[in-house]
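Okay, got some structures for you below.
Look at the two complexes coming up: chain A is in both, with chain B in one and chain C in the other.
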Partner chain A sequence: MSETMNTDEAGVLAPARGAFDQDWRKLVNWGLICALALIFVSLTDMPDKLDKRVIVEPLLSMGYLSLIWIPVALGNFVTREVVLEGMTQHKKGLRELVAGVSVGAIGGAGLALLIWLLDTRDLSDPLVNWNDALLEVLSFGEGVGYGAIFWILASAGLGLAGGAFHLLSAIANRLLLAIALTIVLTASLESALDDISEGFQLEWLFEALFEKKGGLSVQGAIILAVFAIAWVLVLGGQAKRGRAAVTARRELSPTKVNTVGLVLIAVAAVVLPMFLGRLTNDLFTNVGLFLLLALGLNIVVGLAGILDLGYVAFFAVGGYTAAIMTSPSSPGLSPELPWWVAIFVVVFMAIVAGLFIGAPVIRMRGDYLAIVTLGFGEIIRLTVRSDWASGFTGGAQGILSIPGADIVGVATVKGTDPQQVLYLVIGFVAIAIYVSWRLENSRIGRAWMAVREDESVAEAMGINTVNSKLQAFVVGAILASFSGAIFAAKVGSVFESSFKILVSIVILVIVIVGGMGRIAGVAAGALVLVGILGGPNQPGLLAEFSEFKLLIYGALLIWMMLKRPEGLIPNVRRSRELHQDEFLQDAWLKAQANDDDDEAASGEVAPA
Partner chain B sequence: MSERLLDIQNLSVTFGGLNALSDLDFHVDAGEIVSVIGPNGAGKTTFFNMISGMVTPTSGDIVFKGESLLGLDPNQVTARGIARTFQNVRLFANMTILENVMVSQHCRTKQGIMGALFQTGGFKREEQEIREHGEKVLGFFGSRLVGFRLNQPASVLSYANRRRLEIARAMATKPEVILLDEPVAGMNPKESEELTGLIGKLRDEWGFTIVMIEHDMGVVRDVSDRVVVLDHGETIAQGSYDEVSSDPAVIEAYLGRPAEEAS
Partner chain C sequence: MTTAMRSKARPRTGVDWFLTFLRVLLTGLVLFGLLAFLWQQIDPDNPLASAINPDANRLSWDAFQGLVISGLSQGAMYGLIALGYSMVYGVLGFINFAHGEVFMVGAMTGMITSNKLFEAGVWEDNFLLAILIAVLVSVICSTVTAVVTERIAYRPLRGSPRLIPLITSIGVSFFIQNTSAVLLGPGAKSYPRLPDWLRDDIGIGPFDIEGKKLLVLVVAGVSMGALWYLVERTKTGKAMRAVAEDKEIASLMGIDVDRTIVTTFAVGGAMAGVAGILWGILFGSVTEFTGFLPGIKAFSAAVVGGIGNLGGAMAGGLTLGSSESLAPQLVLEPLGVTGHTQLKDAVAFLVLIFVLLVKPTGLFGERLSAEDRA
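For the complex of A and B:
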């Protein structure tokens, strides 16, 4: 895609168009979009709520960042052209700048209007964030006039900057993007970096970068910028070459494993938790729990193509089974088994639940199946809460005082020690990865893929599709139940409210955003969504964002579906499917070349 | 008389009030190549769907090697030894060419989840056999589907090669009977001539019995031992190609009645 977007290489270069030779209607449209976006973000109260989270002290906070990226992005976007081969291309010049400024200024005017309305009207009844605090943040406490003029000018300036990116060379664009990303990312990771730097005795580095009261210092930001420039100039090319080499190798032998990478990850998984502080360990534990769930769902959705929207049911089965088996205060049955014995019961219950839910559901296809699984997910939770089952599950009171997980005579993993729990999670994630990997390249895995591709044909080719799908369902259920059992031991209590439908949705979003059908993709999805934004009930690195989490999930999902439907780290097959036309063209050209060689070699005469 | 491998007895199916097939009655002997022909909508593909278990007949029976196939799921029919191809090529487009022929050996293999997880000797041996059989089947079509093609997705194949891969996929299920649904449709004359030769080889070298739906009369003439003609769900003629092609009922079905009789 980047090749077609690149404005420097392809096409015929024509002289720049005049500065006012514009498509004004388009500019006004985008300007209004910009204004609406700015007003919408303001009314979600992001500027106010996130103002406390400083990026660069005293210049920029997350709150203002939530606004200023909009004019920059739209100012850039309005003059972006998809360049196809042979199309006339104009040199970039003043025209792009004027367009950027116009879009930014219209957007700024919209925000100015909002500031004026905030001051004169009271719409706090439907719009809960319509208050003085927002006005204060937007006008910097200097009055309405100042705020309005500031935003019109600032937004126009930002739009100009957005347009100006078209005039810069590709490398300059890359540098600026790298600097911006490095600074924002480092600032978002502040609390984790604080924690990690303690473990590695790198407090001096942390102090050099960050202010005491939070946020990067100006010199810290400069250091990071220099680092980013060095990274792009020195290492950027090498990283690209390395990636190309890896991709090429994967094309040749898709099932081969990158041993070096695997060993590195394994070593990191063993060593890293020792250096991490409480907070980071806890964070990674949450990531791991969701990764475990996502890997299970990846088998069900990614491999076998069964869209299960009630996957949380198996998480609940794992959590409750472990709780009932181990907790001394479990209301009904209370065998107080050690955790490692309970895990066998958990697996058994997961199989039973998988078969129980799967058997009636699995005969359905597509949308029907999704709706029915959605229902079953809720049924399990409501059953747990019902009077009928509360004798065993504690109903809304839940089950408390679940002892930690003890690993057969080796150690007892207590929920109070995040480092131990992290090791436990890593162990189970490793199991899940191994299972996914082995099953994908086996007779069962191929049958799952065939069922996903075309169920009727799979059936006609001798695959018992009901059995195959049921197997996928049960394997997924077992992996989810592991996650539930660890979750129960970690938290020390289970409540039905931890197993709401939202958990299913978040797991599915992790799989989709990360890259369905690819283990590394799912891991990336879990890291980004649960690690940075936070899980349904678990805080992430950007704890201030918790209120906006679902909004951001939604926006991210829509953006991914439009721009990169194959996910962050895509599965080769899936991205091929989604970019079928581009891919087919390449393959056709390649095959054409090969066929020519073949025919020349065999001396076959082509028919006239 | 040779062994009756596949015996279709008074087979009928109605969809609503439409008689898609009525009282179809014929048999296929081991080692035969039988063509089923007829105008569009004659019920040929419905007939295949019924044998392969995708459509349940209203009455009649399908007997394969002395046992009825009625009530079996499509996968069980395939396991008994009847494989098929589809008229509108339906490959597993995002699986590789090799995987397409590996996955269709599912019902001939039995390693489960445990074998894959613990990489048992049996599992590895079976994987090896599946792969070798798959490559052998693909090799039947010359160099087109092997070599660098093995790990390419089926979606990149040309139309003719997709048809070949469909046949390979059916062969890989280790069947006794292969049902070919318009194997040469959309191929150019040279390609269909070559495929006609291969259909003969399928019987002579691989020992498959073949039932084939085909519109290309050249192909039908060259390979069929017997021809069955269907029209409006009824058998209007059976016999050798020469007998059938001169049968007035067949000519009428294809060309319509002469003008003076039509009134």
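For the complex of A and C:
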């Protein structure tokens, strides 16, 4: 917060410090961190495995991107100063460049060392990726010396670039960021764009941008860069103004919605699936299923502040109930109900499960609750898998041949037709969004938020904390069970392995990365994480990442908690609560600075 | 305010009745299962026993003592891991979810070292030296992992709302798990074969204990003793207890709080490293998921024994280990549950839920600072 806050006010800058007036210890430390990061990424084999995923045809692949962002980011980070009110700010100059170069060079030296070791030692026994293919990728097949010198120079240059961002004006920085983001994002969306462009008869555009064998062509990249520049320069200001207007209106009347935006989204949701191909429909269906889960968890974690790590249990309840109710081959009970009737049973079971799991845990402290719900999630999965319950659930064999979902009088949604399933998912997501939105601004929603912030105070205000927490639990359970029921109809079978704890954690990552307590945030989180990287068992657009996606999820979770606990698209109130200390500090510093100014103006000498 | 006081101050609600019902139901089921077990021990063809479980048969003494011993040796391991949870909870007041992964790092590095030593021939020539080196390496690696996580992930979050470090630690756990899968390759990796004397039975009193299980029990006992000495008899331990009681006042008394917290993580990590090697000796193989379930069970053990209480952590571990190994045979099987051994892990979680329902402070009471008692 405080870094951006005062940039406008800091009009007078002190002269730049000398180029070698550095905190060398800090630089060496960050250089070593850079080296470690580069070596770690190399040893995970990302450079080799992702090399096939090309961003710009002859120039850059995801594999090399996984390396080169590190020196840039660290070179930028090491020279960044937290500007507080009342501190002298220096002009940026050579000093930043020197710092960036040294961090990059040390990092590059680390990578060079790795290349040398790869050539001379054999550590492939514990480290599975220690092989010639990695050496080949790192040294471009030109020999160890070439690779080592290349990486030291390249990394130093990238660190220099990272430091140089401080010298550029804000608009130049924004332009560069926009170009980089547009190119990387477009490249990662390649297969989806291929699919969409076919539906809209826009193949010519796709062919202009992409090479036949994959990756953007150079001219495509240039077109995108021009587009990004135009976007920032022409539309950037307007978009900002529009957003400011929307925010202002929301502050005035928080229940008002942006009608235009809503209508646009609704039209897109109805029209878009018709133009999408099989792949994109399937992708959006996965996104929708996880969005449904995430919206439910958002109510439980984001609004009521209950960290439920066994959330997958309700997904399983929904899936298995729908499977048992509809499938003709379910062992034990097999009423073969139509799907739309089964959904009522599913809701009933979800309520029962929500109450049953919720009641014992609701009084526990937050962290105990997390572990106990996790335990319940595992208990349900283990029970479903065991021989004891296999009379109903099929045990490890699962339940097969689940018919599609039929909606009474309207349509029969076959699991094999991704487009129909997508419409079904969109319908349920719409219901979930409406419910979340209405609940958030209702009496019960405010009670949840009060409980989240301070249970004792909420209780003193007359809120029945136990009941309101249980309600949150049950609403979350119902939304998850919808997702489970659609999942069962879509896949046509349920196995216990689809309901591992991993799913709970991925949903948690979606909610946290997107922004706890904010519907738009959760939707963005689901779209980016599940759509691009993929869900726990579902491939995303970047199928090459499947090996690394859980690693990336873990890293993202840590990074978000450390740097931006309110998420990408934060809930205003929640982010204020999380950064309360910083706000108070800023206010205090400002007051101090004002006092100093006043004293200086009146010519008094402050007592020591 | 304790739960007892709260429930007195408030009229009983539906939730309270449900909880009472659950407590009675669970206790009743356990007692009923034990009774059924007794019946079938007296006579498997007893009409009462066979009415509950048609395939009732008597559990032999050999089988019973086998279950007890493996339960206790596994429980000792849970206890060692639980110490780390308990200590960190005592000092920082949050559950370090990633501690199970620290244990896994210990087991993994132990596997790598002992395989290297096996290739060099040390493992077979001089087993004691080899296992000493392996223990040393895995203790160092676990300690480093614990300390580095503290520095990177937890220290910046000190003083933030309670759930934030918990979520971070879930991320750390996930990250370490998948790092292991990506760097070392997924799947199970085995330890070299143990020498014969560790695989033979050794008779102690009425028990015949397999050598490796005895080794696990002895090493766990020794580590526990060393930890007790560290915490109760040394200056460092005094500092740790003081920081657990009140960080601010401890720092006013001239205690370096940061350093004490790092020490706590280091000691917990070392214990997890020892447990990791013991896991390798006991089960002979390790995967990247090895840390997950034992980690959660060890946390349950810490809660069962009363979190923040070191003796309680060990006792909780032993209780949890033995009930997890005995309950399927003693309670579930007489109740007629088929495939009862598949529910072993579920039993561990049920024990946790049961203890939290009946006695939330754990068997030996919680020892927490005043601010945490609220």
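Basically, the second predicted complex is superposed on the first by the 568 of 608 C-alpha atoms of A that agree within 3 Å, B and C clash if a C-alpha of one lies under 4 Å from a C-alpha of the other, contacts with A are read in each partner's own complex, and residues count from 1 in each chain.
Here, a residue touches a chain if its C-beta (ideal position, glycine included) is under 8 Å from a C-beta of that chain, and two chains touch if they have at least 3 such contacts.
Bear in mind the structure is a predicted one, so any value in this text is a computation, not a measurement.
J.: Regarding the shared-chain residue A:L43, is it in contact with chain B (first), chain C (second), both, or neither?
T.: A:L43 contacts chain C only, not chain B.
J.: Regarding the shared-chain residue A:M561, is it in contact with chain B (first), chain C (second), both, or neither?
T.: A:M561 sits against chain C, while chain B stays out of touch.
J.: Output check: A:E81 vs chain B and chain C. Expected answer is one of first, second, both, neither. What do you get?
T.: neither
J.: Based on the superposed arrangement, let me know which partner A:G366 touches: chain B (first), chain C (second), both, or neither?
T.: In the superposition, A:G366 touches chain C alone.
J.: For A:T465, using the defined touch cut-off, is the partner it touches chain B, chain C, both, or neither? Pick first, second, both or neither.
T.: First partner only, chain B.
J.: Kindly classify A:E336 by the partners it touches after superposition: chain B alone (first), chain C alone (second), both, or neither?
T.: Touch partners of A:E336: none, neither chain B nor chain C.
J.: Please indicate which partner A:E203 is in contact with in the superposed arrangement: first for chain B, second for chain C, both, or neither.
T.: neither
J.: By residue count, which of the two partners contacts chain A more extensively, chain B or chain C?
T.: The partner that reaches more residues of chain A in the superposed model: C.
J.: Looking at the overlay, does A:I505 come into contact with chain B only (first), chain C only (second), both, or neither?
T.: After superposing on A, A:I505 lies in contact with chain C but is clear of chain B.
J.: List the residues of chain A that touch chain B in one complex and chain C in the other.
T.: Touching chain B in the first complex and chain C in the second, residues 456 of chain A appear in both lists.
J.: Residues of chain B touching chain A in their complex?
T.: Touching chain A: residues 52, 54, 73-75, 78-79, 83-84, 86, 90, 92-96, 99, 102-109, 111-113, 115-117, 119, 123, 126-127, 130, 143, 148, 151-153, 155-156, 158, 169, 173, 188, 190 of chain B.
J.: Across the complex, what residues on chain C touch chain A?
T.: Touch residues, chain C against chain A: 3, 13, 15, 18-19, 22, 94-95, 112, 115-116, 152-153, 156-157, 160-168, 170-179, 181-185, 292, 296, 299-300, 303, 337-340, 342-343, 345-346, 349-350, 352-353, 356-357, 360, 374.
J.: Note which residues of chain A are touching chain B in the complex, please.
T.: Those residues of chain A that touch chain B are 251-254, 434-435, 438-439, 441-447, 449-450, 453-454, 456-465, 471, 475, 573-574, 576-577, 580, 583-584, 587-588, 591, 594, 598, 607.
J.: With touch defined as at the start, can you tell me which chain A residues reach chain C in the complex?
T.: 43-45, 125-129, 305, 307, 309, 355, 359-360, 362-364, 366-368, 370-372, 374-376, 378-379, 382-383, 385-388, 390, 456, 466-467, 470, 501, 505, 508-509, 512, 547-548, 550-551, 553-558, 561-562, 565, 578
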